[in-house]
Structures are given as C-alpha cells and as structure tokens.
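By letter and in written order, the chains are A, B, C, D and E; residue numbering begins at 1 in each of them.
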C-alpha cells in the first residue's frame, strides 16, 4: 500500500484551507462492515472535484458520508474548518451544502413544480427566481410542471433531481452521477452548466461514471477503489495516466 | 467490430434508412402503436421492425417514449391502439410473463432488484423451465437438485463476468447503483432469451467494465440472439450496434447504421448536441467566465 | 374426599366424616377434597354493572358456608374470573384459568352469549357450569337439553317473555316494536315476547336487531321510530344509554312512546349510577327482572361483604347457585363436578324443605341419603330436567323521575 | 283453582276514543277451552270491556270470541282472529288477552323519508369518519405507517372530553376543545417518546405497524383500566329532539357536528394543498432522506403530522361521543371503517380520504333502506369497498404507479 | 407470590391447545406475508370458514364428521380462490384492507340473525365434535410432574402439535425449493419476477391457497378443541395476535411462528397469572385502590402491548430473523 501512503501525504500537504475536507473516513451501513476504509478528500474554494472509480467502490457512500446520511465511524468532515461529521442533513443544507443522490432522487408523488419547491424549502422567497433559472436549463421541466415526478421518464427524473439541488443556490454542491440517463446533448449541458456554476464560485464535488467527460471539466480528480483513494491528480493527468485508463477508464471513449 | 459480418448483419445493408423500414428477417413487427398519458402522446409508432440476429440500438431524447415502447411491447403497459408480433405471434394484451416466456425479455431502466434475496438467488430466479418451481415437485429436492446445480454454475459464470462474484452471498438490496444495473442485466441473461431488450444497461456502469461487457453482448449476437437496447452512451451505440432506430416525441424519426444516423443533422441537433465529440476541457473558459460575469451583473442590476 | 392418607398431617380434618366417603357404595367421580368455586362473572364489559351484586352473592354464600363448617370438612374456596364481553374472548381464556385452578363449579357467566362461548370447554373438563343470570332459551335446547353439567338459577326467558308480553297487553299496547341486541339473549327474548304478544292479540310492528359491535344505532332507531308502533321494547345491555338518547332524538323516546326494559337494562340510571341518563328521561318506563324480591335482611348481609353495593340484580341467584352446589356436594359426598351435577336436581326438588345452608347441611349430615328441597333467597329453586328452574318469579319495576327503579309487583309462574 | 290464575280479556274499540282511551266494548261473550276442546269457562265483558275466566292452572288455552255478540258496526280486524291460543305460564294472577278492534293502520314513515333521513345520518357519520380518516391519512402520508392504534386516538378524544366534562365539570364545548388540545399534545408526545426513537433506529415500516398493534392493545387496555368498561355520555346535549328543516330532520347537536367537521375538514384540506407544510409531509413520506437533503427537518415535519393528525382524530372522537356515547371501544369499532374510507378514496390522497369517508358513512346508513340487514349494516360498506377496489384497484382518487 | 405456580400456568398454556391455534394461524400467515408478501389481514376469515365448514356440515346438514373435515378444507380453498381471483392484482396495502373487510363481513354474516338457521347466529354451533372426542386414545390425563394436561387436552395437544409439525415440514420443504424462491421474489418486486417469465398471479394464488388452507386447518383445530364455533371468536384480534406471534418468532423462518406463538402465550398467561396473584386473596399484594382483580386481567394486556412494542424496538427481526434483512428495509 505504498501508493496509498503517498496519497495520504499528498492529501495532508494540500488540504489546508479547503472548503470541504474529509480525513481518513471510515464508514459503513452495517455494524462491522466498513465500506469506506480511510478515504480522504478535500475541495478548495471554487474547485470542481471529480470522483471516479469502479462500481461498488464506495463513491456514493463517500458523498453520503460527507452529507451525514451514512454514519461515519472514524475520521472527520470539516466545512470551512468547522467539524460537521455526522451532522443532520438539513443542518448541512442550512450551511450551504447541496446534494443530488444517485438513486431515489425525486419525490414521486409530488409534481415537478413541487419537487423544485422542496429544493428551496429553507428559502421559499427565492422560488420564482430560481424556478426560472432551472427551467431555462431544462425547458422540459417548465412545460411539464404539473406532472407527477413518479410518472417521468428516467432522464426527466434526472433533470428534476439536478434542478432540485440547483434551486437552493448552495455554496458547495455534491453531485452523484448527475448525467446518468440523460441524452448526450443534455449530458453536455449538465457538464457545461456545472462548470458554469462552479465558475460562479460554487465548489462542486461530482461522482461520475461518464469518467472521460468528468475528467475533462474538473480541476482535480480522485479515483476511489475499495473505499480508499487509489489515485488523485488534475483531471488531465488522470485522464492520461495509463494505469487509470487500464483499470478504470477503458479505451472506448478515447478511441473516438 | 467483428471482422466478418453474420448473414443477418449483412442483410441490413440492403435496408432502406427511412423510419419504419422493412427488414429482411424481422423478429418483432409492430404497427400503429400509440399510447397517450392525459394529453401527452408518449408513443406514436407507425411501423417498427427489429431485425433478427443483430444488435439494434434505440436512441432518442429524454422522454421520447423509448421506455414506454418497451413497456408496451413486453406487456407491462396497455396501448391505446396498435398490433405487434414476436416471431409471428401476435402479442396484443398478452400478459407480461407470457411475453417473457416466448423469449422476449427486458430489463428495467430504474432497476428492480429483489432486495432481500442474495445476488445468487436473484440470478437463479432468472432461469426458465425450472422443475422446482412447480408446486407439486418443489417439496422433493432430488427431483430438482441436478437442475439447480446446473443453473447455479451458469449463474456463477455470469456473475464473474459482471464482476459481481464477490457479492454472491450479499443481499441484492445492498448493492451500489451500478452493481444493480449489472445484476439486472445478468439476471435477464439467465432467462436465455431469444430477444433481449436492455433499457439503458450501461448507465452508471464503470467504463472499464462496460468495455468488457460490450464484448459479451456481441457474443450474444454471435450466438444468434437478437439484442435491442436503449442507451444514451454513444460509445456503446457506435461500437456494438448494427442498426440504430431514433425516436423523438413518441415517433420513429430516423433509422440506419450507426454511422449514418450519427451523421444525420437532425439527430445531432435534437439529440447528440453541438459539443458532441468535442473535448469539454477545450471549452472556451474565458467565454464561460465572461458569460457568468454578465449574468451576475444582470442580477445585481 | 380423597384426603384419607394425609388426614394424619391435617389436624382439623380429623373430626370430619371422611370415613363415610371411602366406604360409600356408589362409584362417584373423585374430587380433590376441596370444593372450589370459580366465578365467571362480568367484572368488565357491557354487563359490568351486574358484576358487583353477582360477585357479592358468591362471596356471601362462600362466607356463610364456611361459617357453617364448610363442605366435606373443608372450607370452600372462591376463585374469581372475569367474563368480559362475548366479543372480547375473555371468557374462554378465563375459563381455562379457572379450570386450571381446580374449580369444581364455575358460577357464570351472566350473559347468555358469553356462556355459550365457554360452555363446551367447561363441560368437557367435567366442571359444573352454573349460571345465575343466563335466561336465553338456548340452554334448554339442542345439545344442552340433556341433563348434563350446565345449570342455572335464572328462569328461561320463556317466562320473562310471557310476563313482559302480558304487561304490554295489559297496558293496552296493540302494536309493539322490539329493538334487541343480536345475541343468544336478545334473539330468544325478543322472539318469546313476540310469540306471546301475538298469541295474546297484540301485533308486533317490527323486531329490529343490532349487532353487538354496532357503531351507530341510527338505522335501527329510525326503523323503530318510523314503525308506527305504540310501544317499544328494548332488549339491550349497557348500550341502552346510547340508544335511549337516539330514540329521543328520533322522536321515539320514552316520553313519546311508552318504553319497556328487560333484565339486561333495567338498571339504575340516576345521577349516582355509573352510567347516568338525564333526569326524567325514563320516568314511567317499566322493566322486568327475573327473581323474587330481595329480602331486606339478605340485602344487609350482602352489604356486609360489599358495602358499596347499590344494585341487587342476580345477587340472590348467585348466592343460591353456590349454596345448592355445596349441598349437592355434601349429598354426593364428593366435590367433583360430575358428582355435584348428579345431585343438583335432587337437592332443589322434592323432599324436606329447608331454606339456609346450615339447616340443609344439618339435615344431610344427619342422614346423607336424606332428600332435601332447598328453597333459596331467589325463589323456590326447582331445577328441572334440563337444569333450569321450572318455577320462578319475575319482578316488574318502574322508573321514577330520577331514573331509579322500584318494584311494582312480582309475578310468579311455571315453565 | 281460585289462586288467581285466570285469563282476562279486555275489549275496546281503538277507532273510538273516550277521554283519550279506546272505548270499551260491553256485552261480548268469551269462551275459554283447553287443548282438547273441553270448555273451561265463559264470561261476558262488563262496562269496562273486561271479562275474566279463572283457570285450573297453567297450560295452553283457546279464547274464542262470539262474533254474534259484538255490538252493531263493530268488526274484528281480521276474520281469523276470533280465536286466540294463549299459553298460560303465569300463576297466581291473570294472563291478559285482547282482540284487535278498530286498530288504526300504523302510521309508518315512507320510503322517501327514510331514505333522506338515512342519507343525512350517513353524511353525519361519514364526516365523523372523515375527521379520523384525515388524521390517519396525514400520519400515513408523512410516515408511511399503517397505524393500527389510530382507533385508540379516536377513543382518546371522547374519553378526555368525558373527563373534563364529568369529572372537572367543564361544559361540553370547553371540554371538547380541551380534549382536542390534549390530543394534539398526545400526538406530540407519542412521536417524541415512541415513533421518533424508532425512526432513529431505522425500524422498518412493517415492524412499526406491529408496534402500532402493540400500542393499540396497550392504549385500549389503559382506557379500559381507567375509564372502565361501561358506555357513558356527556352531561349536556344528550337527548335532543330533532326539528324539521324541510325534508331533513336534525337536532342542534347534529347540526353542530356537521358544521364543525365540514369547516375543519375544508380548512385542513386547503391547508394541505396550499401550504408548504402539506407538501413537505408528502415529500417526507415519499423519501425522508431526500427531504432532509432538501433542507427539511424531517423530524419536525413528521411531528407536525402527528400533532395535527392526532388532534383531528381526537376531534372525531369528541364528536362521536357527542353524537352517541363514549366507551373505551369507540375507536376500535370505528377503525375498520376509517381504514376502509382511506383505502376507498385512494391511499395518501387527502380529498380521497374525505370522499371515501362519505361513501362509507352513507352506505352504512343507507344500506338497510335497501334491504341490508341492519344488524350487519357494516357489511354493506365492506362489500362496496371490495367492489370498488376491484374496478379501481388504486381507489377512487388514487393514481396508478408507473412501471419501468 | 408463588412464582412456580405462575411459571407452571404459563408453560402449560404456552404448550397448550390455544397456543397451537395461534401457531397454526401464524404458519399460514407466514406463507402469505412472510414469504410472499401478501398482507393478508383476513386470516380469521379463513379460520372461520374452516371451523364453520365442519360445524355446518355436521350440525346443519347432518353430514358425517369426516365429510365435515373435507368440507372445511374445501371451504378454505374456495375462499382463497374467490378472494384471490379479483384481489391478487391489488397493491399490498389494498389487499390488506380487502382481506380484513372480507373476514369481518364473513364474521358478521355468520353471526347474523338473518342466517341463524344456517350458521346458528351469534350463539354459533355446537355438537359436531363427538367423533373427534371418541378418537381420543388416552384413558387418562398426563402429569409431567411440573405441568399436567387433562385427558381432553392431552388429545388436543397431540393432534395439534402433530398438525404443526406437518405444516412446518411442508413449509420447510417448499420454501427451500425454487418455488419458494419465486414467492420470496414476488414479495420483493412482482414486476421483476414477471419480466423473467414467471406467472406471478399463479404463484400468488398458490401461496394464498396454501396459507389459507393452513388457516382453515387452524380454524378446524380451534373448532375441535373448543367444541363450539362462535362467530365472535373469529374477530380481527385473532389475526392480529397471530401476526404478533409470527413477528415475535421472525417472519419468513420456518420455525418463527411456532416459537413466536409459544412465547406469546407464555407471556400472556404468565402475566395474567402474575397479576392475578398480586390482586387476589384476602390480602392482595397490590392495594385495591391501585388495582382490583378485574383490572388485573387488563394489566396483562397492557403489559403484553408494551412487551410487543419493546420487542419490535429492540429486536425488530423477531427471534429467528436476520438483522441484515431488516436493515435493507429502510426506505
């Protein structure tokens, strides 16, 4: 595990001053079964961080642990220096973190409009303004505003999920596979918009299986495997790393 | 792509590339299929044919009606009108399980794993014609033991290929999003169907694994099976599909080989997008920043 | 009766006539030596207002029997059980408890419906079931018509039905509506009343039943109010307190239509009662309760065991059930249920009359084969073929402006 | 003989009244014979229309009226009724027999009146159910819990009102208000003490449902323990006479019940549709984790659902007690109907619960008018429930889920 | 207090005929709910038709006892089919309401005055169990030293536990097979199973019939041991207690209902005996102002309610259940 220890050193060396930082997280769903085995992560202000890795590596678990939805056994999560380990999700929302889960990410029995309304639950006054913003991004959501989310197509749901998180205008955004299920044009739109949001000062941490695209836009990337960081570096360097390509990225996308 | 084309693939060369084109040896033929939800016409397919023995991709923007068409074809939803047949058997108002038994099996876009069964049990369930599933034979283990062993070994092979072997004894409910997709697909393959319909099988699957699975899908075709899949991942469409059908707003708007379809300007506009094939890191960062600043100013004003 | 080997250790049992039992010629069922009474009476449920007098009757009898020297040389024992409601399923469970506690005679239940849920269980355990209050005709029919282990001191509703019908005809009611609870009691009493009314020339406008678990009585009350009847008979338990206000609402209250009660609801509804009705509601309403007038001195003795007693319905019947069982045990020289059952009819009919346990026991002590005829506080108690009284009195009561009852007259009859 | 056992016959003409009493008929001959036809005695009615024939003892006798001796213009109602077969059980005093003469046709209510009356009481009953159903729906909506202890929350309203009213001496209106407050508090407390810790432990819905069965048993027994097994009434508004409002007959308290429940139900329904809280409750039931991720305090949303739901249910109990009676079983008896109502309307839809309740209430009460035996009138509602669900498996206002 | 006596009563009841009735009912529910996910809240309905099948055949129709037994099976089968045909396509919670409604409707009809001639009204029916009683091979009760059973009960528990053993064996053999796997899959997601070509309706029907017939058997045994069939016995509480027994033991486990039923009755009667002792006698342990003997019988239910809640809170999977399965359940 020499690679791993260099990863750890790397982390400790650069993590200072991060908006969101997680040190040596050990977490899991069931007692005795740890899914995260000492994952580290930091995100500097205004940074766009991508996380990739094989299925079941613990990417979603990591995001959930950051967001207080999975219990962290050891390690800590800091937001701008404050310890937020295992805090309630709604408190984190108040502190400006937004989260789009990978699955079950809409309220099926609420309409699109109501789903989005829930997004700005803590600041109802901003609804109309943010709603316009989101429907600009995803025009379908505007035209179908009265449809129940439970009857939407897979891609439409994904738009609602993303839209909901954007409603609250967060300062840190955690995205779990936001592009999954979207048509290519919408995927690109999501990536571009994410970048745009990020440029406007929002720190973003995104998990993606559309790894090439993700590494193209992100400032820095992590490769997670078996609950700990396997590699990290700038998006470009990771995308070009032959080891990463062999183990995680594959050659399909690059061939084009 | 395979070096030598199978006869079925070769036959596609003759097919016209207009929507609803006739195929030389169709396994599924449907016409006049419509389905409306309230005022929305989710599916409005005049004619559709799926060629036997090839891999057909069904693409189209979100909400185009692809999943709904799957639902209709496989008996999970009732159309407002339309007829279709599989291998010459008319399938209108045939219940879903009978459709599956005829050899037409589908997966679900939003996965449906059997949460409190282990992964291997999920797999075993897929196998058809199990003696032990008959009430009167079930209590007598010696009657179905042999078959069960054979099923299990087949399941284990598939699990290994789908990188789920480590999860063999875990409850399916504890799988990650991508693992569920994989299990869903592997389980459908256990049915050993003639036509397998995959609804976004690769969404959320790790690229390296995806690559290795594509080979598997191709080998299915090479065994003589027909594959129909919905996918937004153009790499996959490009690499393995022999034929592409494009849907938009419920209708089939284009058909053809992957190359021809992807070059179609309408498809690019409505579906693939302008940035398609460009590297996003080459985006004009400065322009993006300027845009953002302009917006911020607008807001302040 | 089988305590011969432990008599050496049992100092006080030496003077009892235990040797006579071992030499007794008849093959009697073996008991455990102690006559145990289980009471399966309504501590809870819709007859709970009858619990206190019935328990007091049993307690008093047990106390007096033990004061008079007990049965077969040992004190008799009382184990309490609750009968609950028929739908609460308490009774069968409590019966198990009582049987396990070694009961030889189970006194109860009060409600006929409840009794039916436990009767087979009790009888198949070889225990006597002796109800002080069951009046349904069901216990003299079908399976229970044979002389078996079921007895009661309350007369069958054949008599109450006749008396009530007679009262109605006498009061000039020509078209009567009956509202009854749908259970073993309500059904049979309603049909007895109807039969007698029709035989005696009065019509029955309609008979309406409601389920024991009814949520509302609106429909039934509407039917009754709209039947054009000139009197209403209400065969009910405690739900009376819900039905009466609804009858009033529908314009068919006791003030609009003469109303008649029966033993299930001829209770105290004054402001002191546990379930009051607004004063004046029931004024002039009449009701029947089986049983002779409760003697003042008996009331005083009951007050001795339960000073809080206000109601006396079925206390005498409960008392007599215990006393007759004790006498039957002495006569049979065994405390086993089957043995008691075989003598119960004997000790209540034909022979030398006696009216208290002490007197009767003395007669039997003098000659175990003596034929006695116990006449109790509830009446002459003549148990017939089927284990039910063949002669009894029915009291007619009337409500005053305070909703309290007072007896008008007692009518006796034979079944 | 001579101990007083006798058959007394009273003859009077109901069509003629003297001082409000039927006019006695004098001079009619009556004969009593035994089973085998032996004559026992004969008597002629006196000025009061009475005749008395002493009997040797109990038994079955036939009383025959000699029609020829009837005065001019008076006829028996039915030809067959010149003979009565009387079974004499009463000894020592007379058994009375009467012959129906001039009895007026009974003044029965017509079908239409009955129907209207039953519909009105159905609506009233339905509204009471609706309050409880709304409460159930809210709680189900926010937590997904099938709460089998819901019936006991109905009981709570009635029982507490009773205590405030009878034991503390408050007027019913105040007592009822107090009971609704206590219910609300109880809603808060039970969430705090029971359900919230359960949620914290991640207890599944099925396990929670079983907990609610245990809780129901617990509460019902507590009520029985403290309140007693008997049925009680409040001390006001117990027996009110109905007035006519056109074809509708209602008394004051019934009007109050209808008005109060209508107002409360409408207010709650509108609030649920329009306010953030209403949407938040649905959101929380759909997906608690996502709700938290949206910034909702899931626990407080659920707590509010419990408070409001229990208060509404308590109100239903208060009104039920006002309408009829208070007993520890009040709620348990209503539970199935409340469940049926919520299901019928479509699980989780607020208006559905209301509609379902009205349908259930009306069917229960109207059924008997169309021949449903009234002793089992609930069966009608249950059968209709089953039939409707067969046609619309998702309930009247429910929506089908999408597959795939 | 006499703890030995309490223990004795509790043990005797826990292994006695009443517990067996609940165990059998719970085994049926286990097939429905535990394995297949059918939320059948109408088990008391199946039990009622089982019991009435026998009683009506013998008492009203004058048929033979064995014919009655056969009828009682056929009745449960028929109810399963009649109930299943239309309702098996309903969602789980709707199915619950329909079944509970059906069982209540059945109970009300069985007890109605209008049908008194067929079902005996609310008195119910008696006098059908002679053949069963005559089959009793024991000449005497049994005394195991600590607990003892009367002759009748000895026969009842012999028959009862044999039935339980047979049912458990059948359930075990079926549930380990692929057939059982299909049922468990249906519990998780019907559509997934359908998409794999299994006739979900047929499987659900088979499960409903199997569990319903075990329920009918429970009713039959209830009728035999009780010697009377009374409609009020078949109320929804019966179903609820059977569910409790099942969940106490652990759903989807072959022995879950058995252990659960025994424990439930042990608790119920043990508590009853305890409080009974504390409040009875001339000088009760608990002062009468606090609790009198009628309230003591209620305390048992209060404590049972509490115990059930605590059990579910601290061991939601039941005694045999798997903690991991419960964790999956979280929404």
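Convention: a residue touches a chain if its C-beta (ideal position, glycine included) is under 8 Å from a C-beta of that chain, and two chains touch if they have at least 3 such contacts.
In this text, all values refer to a predicted model and were calculated from it rather than measured experimentally.
Note on connectivity: the fewest steps through touching chains from chain A to chain B is 1.
Think of the whole protein's Cα atoms as having one middle point; the chain whose own Cα middle lies nearest to it is E. Taking the mean Cα position of each chain as its centre, C sits at the greatest distance from chain A.
Farthest from chain B in terms of Cα centroid separation is C. In terms of their C-alpha centroids, the spacing between chain A and chain D amounts to 58 Å. Averaging C-alpha coordinates per chain places the centre of chain A 51 Å away from that of chain E.
Distance from the chain B centre to the chain E centre is 47 Å, each centre being the mean of its Cα atoms. Multi-chain contact residues of chain A (touching two or more other chains): 29-30, 151.
Under the contact definition stated at the top, the residues of chain E that touch 2 or more other chains are 108, 111-113, 191, 298, 324, 327.
Looking at chain D, residues 224, 287, 289, 373, 375-376, 378, 403-404 sit in touch with two or more other chains. Taken together, the chain E residues at the contact with chain C in this complex read 9, 12-13, 16, 18, 108, 111-113, 116, 121-124, 126-127, 129, 133, 150, 152, 226-228, 230, 232-233, 235, 237-238, 269, 272-273, 276, 280, 293-294, 297-298. Chain D contributes residues 8, 10, 12, 14, 21-22, 58, 81, 84-87, 89-93, 95-100, 103, 105-109, 113-114, 117-118, 121, 125, 224, 228-233, 235, 238-242, 251, 254, 323-325, 333-334, 337, 364-365, 367-369, 373-378 to its touches with chain C in the complex.
Those residues of chain C that touch chain E in the complex are listed here as 43-44, 48, 51, 79-80, 82, 86-87, 89-90, 92-94, 96-97, 100, 113, 116-117, 119-121, 124-125, 136, 138, 142-143, 182-184, 187, 209, 211-212. On the chain D side of its complex with chain E, the touching residues are 144, 146, 148, 194, 197-198, 201-208, 210-211, 213-222, 224-225, 287-289, 336, 339-340, 343, 347, 373, 375-376, 378-379, 382-383, 385-386, 389-390, 393-395, 403-404. Those residues of chain B lying in contact with chain E across their complex are 74, 76, 95-98, 100-101, 105-108, 112-117, 121-122, 124-126, 128, 130-135, 138-141, 144, 148, 171, 173-174, 187-188, 190-191.
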